[in-house]
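Letters A, B, C, D, E, F, G and H name the chains as they come in the text, with residue numbers starting at 1 for each one.
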Amino acid sequence: MGSDSDMPIVAEARNVLEAFGIPFAATIRSAHRTPQDVGLIVADGEVRGCQVFIAAAGMAAHLAGAVAALTVKPVIAIPLTSTKETAVNGLDALLSSVQMPTGIPVATVAINGAANAAYLAIAILALQDPSLNQALREHRVKLESKTREKAKALKAAGWPD
Amino acid sequence: MGSDSDMPIVAEARNVLEAFGIPFAATIRSAHRTPQDVGLIVADGEVRGCQVFIAAAGMAAHLAGAVAALTVKPVIAIPLTSTKETAVNGLDALLSSVQMPTGIPVATVAINGAANAAYLAIAILALQDPSLNQALREHRVKLESKTREKAKALKAAGWPD
Amino acid sequence: MGSDSDMPIVAEARNVLEAFGIPFAATIRSAHRTPQDVGLIVADGEVRGCQVFIAAAGMAAHLAGAVAALTVKPVIAIPLTSTKETAVNGLDALLSSVQMPTGIPVATVAINGAANAAYLAIAILALQDPSLNQALREHRVKLESKTREKAKALKAAGWPD
Amino acid sequence: MGSDSDMPIVAEARNVLEAFGIPFAATIRSAHRTPQDVGLIVADGEVRGCQVFIAAAGMAAHLAGAVAALTVKPVIAIPLTSTKETAVNGLDALLSSVQMPTGIPVATVAINGAANAAYLAIAILALQDPSLNQALREHRVKLESKTREKAKALKAAGWPD
Amino acid sequence: MGSDSDMPIVAEARNVLEAFGIPFAATIRSAHRTPQDVGLIVADGEVRGCQVFIAAAGMAAHLAGAVAALTVKPVIAIPLTSTKETAVNGLDALLSSVQMPTGIPVATVAINGAANAAYLAIAILALQDPSLNQALREHRVKLESKTREKAKALKAAGWPD
Amino acid sequence: MGSDSDMPIVAEARNVLEAFGIPFAATIRSAHRTPQDVGLIVADGEVRGCQVFIAAAGMAAHLAGAVAALTVKPVIAIPLTSTKETAVNGLDALLSSVQMPTGIPVATVAINGAANAAYLAIAILALQDPSLNQALREHRVKLESKTREKAKALKAAGWPD
Amino acid sequence: MGSDSDMPIVAEARNVLEAFGIPFAATIRSAHRTPQDVGLIVADGEVRGCQVFIAAAGMAAHLAGAVAALTVKPVIAIPLTSTKETAVNGLDALLSSVQMPTGIPVATVAINGAANAAYLAIAILALQDPSLNQALREHRVKLESKTREKAKALKAAGWPD
Amino acid sequence: MGSDSDMPIVAEARNVLEAFGIPFAATIRSAHRTPQDVGLIVADGEVRGCQVFIAAAGMAAHLAGAVAALTVKPVIAIPLTSTKETAVNGLDALLSSVQMPTGIPVATVAINGAANAAYLAIAILALQDPSLNQALREHRVKLESKTREKAKALKAAGWPD
């Protein structure tokens, strides 16, 4: 992540990764304030066997692109809103993340969509791991059940169904 | 892809996949005009061992989301511009693709970024295929060379360097 | 509706439907988390004689489009804002709802315009029900009166008229 | 429609209505240039048994709202692009059409989505006309077939499927 | 104004008009909920010698356009934000107000710019009233002084100048 | 106008002014390239009895605001598109023109709405000139007739009415 | 700065300038309310040896452009959000600042990016001042350290690294 | 510049630099395709005494930010439109360039505003070069004259002045 202010949102990704038992490492580095470190961390990640990189950043969110420029591993971007609310809040990060030039793709998820970044990473890892694939399928069933539970709660709250 | 008008853009993805020798299948189905078919094709794709789904669609681009709802495999969205030029041309497809709810991620690339959808798919597949990883690395070197060639051409055209 | 967080807004539609004595059923299903259920519910709705479907969803709001793909009954979309405030808040849902491809229309109302979704549904039902038509006309008269009451209150508050 | 420059787009609605054998009347009146006429035409439409009004307009597209203010029949808006290309081209008409106040709904379709305005009108009329309902269902089957034909053409063009 | 929720903003216009001693009348009518009343009020305004009309409305803000369609007097629009915060908050009203068709102009001021609507009206009235022109000039001098006072306060607060 | 590239659009204002026999003067000055000249021209305009200023400019369109800062006469802005097409084409000029601070109003018309700038100026001048008021009213009648002519042409072209 | 409401944001620039020991003068003048004063202050600044001008303004933010029109010194714009939250909040000021015509450049920083305006000014001044260049380099090292500190805090908070 | 497709626009900067006799070097490197090269070129530029860096890039335009991360010299960004026209054309590059985090400023000019990037660079260099300052002042006088020439041409074309 690009800053410690991103932590509350990125924690949603952490929760998902932990729930699925995915080993991961997290750190804070800015594409602009610590450009060399980003290179070192990506290189270190490669050495440590990192399969998927997730980068979370706001405003002119270059972090995912900077990582993608340094690895051929899949890179996922979480475009973030910033603490200063403006008419471009999060749109700046979305466009900075998704509008990548040909050859250097970044897999972009929703603005502040940290949990989905984790789910996407897991979907990628699950291609090599049948038990993870199974876990994802079970999670989908849970999502279904949860939605149906909400429907029941709606009914219980007096809505006709 | 959602329509045959999407073919010229999606062909850029095909070219990349073919250049890397990736087996793929392509078809046209609309999330709205042929909802059942989408389900059948996703199911058939699963049976045939499809590892990554790429969906290209414009306007209220639901195709990638509809596919993602039916599989836990990675799904990549190519948001497309439409033939009718408006103030939301491609932005509609981008937001319809990227703003997915928690649990059902879609990996979104740039508007009309079909080639990058293919590169992203290859990056995902390369996690299980060292030769593909190597091919991607070599492609990056080619991209570098190509950029440097352009720099030489710029110099040759009389620009001081 | 796509989620239980949509309930407070959708309740405005419920209030209108109840005020006009329109029988309705409400449930929660997500186009992405429960795609099969959406099909079942639409089919069940058809069997139960549902005349108009109203779908409320935020972000990449596919619910209305998913319903419209499965029925030829009129489908009304309520694009919702989401709990995470961004520069595309509600615009994403509006574009995901309204920019439908030819042949599969969705009747879209204002962002968070749940009450109007109900009024539109009633206007459609009133085509077959003279008393409903009459009730709508009376409601318009009430709207007029209410507006004129506000004008009187403005005058009473000391504004010259 | 608000102007004769809207005719080429609105003709797509006409084609659909004629294909389904729906009687309709079309005229040109501007909410701003001929406000009284709009009232007369809506009143005349009511007398003639008009069930659904479709209004097509660009820029500050008030026509649909002006019609909706005068009738409790369903009103469908086709937001149009204008001949002058700007950064708000069609977005102005979309927002002017869809963001209606509570009590006066307008059913808005896609920017330049004239054909869908007609399909939506037919869906509304079909609630009272089983043969029309049947025709709509058959049309959906044709849409499916057409999409599958495109898929075959894709295959014939050498794309692997 | 279109609704009583617009009162706090429109009060800024009232304050300016009263400060300059401009006689005015204010009322609440909606272009959509009370279309006939708008016509009556405009006609009544003409009879009473109204020189300038100011219309304040939010969302699909048709009020100024509806008034402008009924009079050749100058019409000023105040596009308003609405109570529901969305990504188009106020932009909808701005575009609905300013993008008028040729022949029916609306003089649009800033989103929520009620005070400026009053200043603009006064500038128009001042063309026929030298003392009002003088008052406006004096007001500009006051604005200058006020700005310079702020500069002094800045200095007093310890900022170097 | 800010540049000679603005001439074709501004010519639409000229045509309207000439059709109504309004004396006017036109020149080209940029708020940024000739700031002093703008002051001189405004001062000269005041001396020559100019009643209304119209400023046409694109991009960061400051011309209208710069004029409004120097006079208490009504100032009308025509926000222009620029020759370089971008995602903010004309929106930049619209926001730069309309979002003025309290006390210095600018009456803004549609993007490229030069004709309406003239109509608005005439509406302002007509407050002091009954024959101009009459001419405006007659013009409205002509607009009505013209619209009705278009409706007849539509019918003649085979559209049912 | 254009108004005293801009002070809290502009104070971030002041803090940076003071931290680097840069002499500066600050005042409040509006391009629209005090156009002559802006000219006097720019002229006075030139006389006092001002090397870089920084202008902070919101909405139709003309201040930077107005200054740039009067000097050939580098001019930096801080586009500000305004106190009234709208869908164009800060975007209006950004476009009004950055979209300058050829020949009169304005160096624009992020919306509310006051600190960066100061850093940019220092970067410009540092071209003539090796010790300032050194201070900037040291500041970058501090930024790096600070980011790494945050990474350590992340680890200390229990995130795996 | 990031790509050779940027050459026609960037040539406008070259023309300005040459007209003022500013020595410069130009090359093509992509922040994403050749991240290491960008570092080498910035380092080489520093060694060669480069005073100001200008970076031109489109879409997720990271080039200026990447350069700014590596130098404390002033960095100017030219956000570019891309060849693929979309609803975010150039806005993506603008936001990716201007919305930089605190501490790493980028001086952003208008979308496609290459000439102004050069003028801004010259303004910065002129701080150390009185003859360049003089040349800039003379250029401003020429801009004034040119604008006045256009005004004369307008008059000659029959416009009253």
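Keep this in mind: contacts are C-beta pairs under 8 Å (C-beta built on N, C-alpha and C of every residue); 3 or more make two chains touch, one makes a residue touch a chain.
As the structure is a computational prediction, the values presented were derived from the model and not from experiment.
By the document's definition of touch, common neighbours of chain A and chain E comprise C, G. Chain centre most remote from that of chain C: H (centre = mean of CA atoms). Mean C-alpha positions place chain D and chain E at a centre distance of 34 Å. Mean C-alpha positions place chain A and chain C at a centre distance of 33 Å.
The set of chain D residues touching two or more other chains comprises 3, 30, 33, 59-60, 85-88, 91-92, 94, 98-100, 103-104, 110-111, 140, 143. In this structure, the chains touch in the following pairs: A-B, A-C, A-G, A-H, B-C, B-D, B-H, C-D, C-E, D-E, D-F, E-F, E-G, F-G, F-H, G-H.
Contacts from chain E toward chain D in the complex involve residues 2-3, 30-33, 35, 39, 59-60, 62, 65-66, 68-70, 88, 91-92, 95-101, 103-104, 106. Per the touch definition, chain A reaches chain B in the complex via residues 51, 72-76, 94, 98-100, 102-111, 113, 115-117, 119-120, 123-124, 126-128, 133, 136-137, 139-140, 143. Across the complex, chain C is touched by residues 3-4, 7, 14, 23-30, 33-34, 37, 59-60, 84-88 of chain E. Within the complex formed with chain D, the chain F residues making contact are 81, 85-92, 94, 110-112, 140, 143-144, 146-148, 150-151, 153-155, 157, 159-161.
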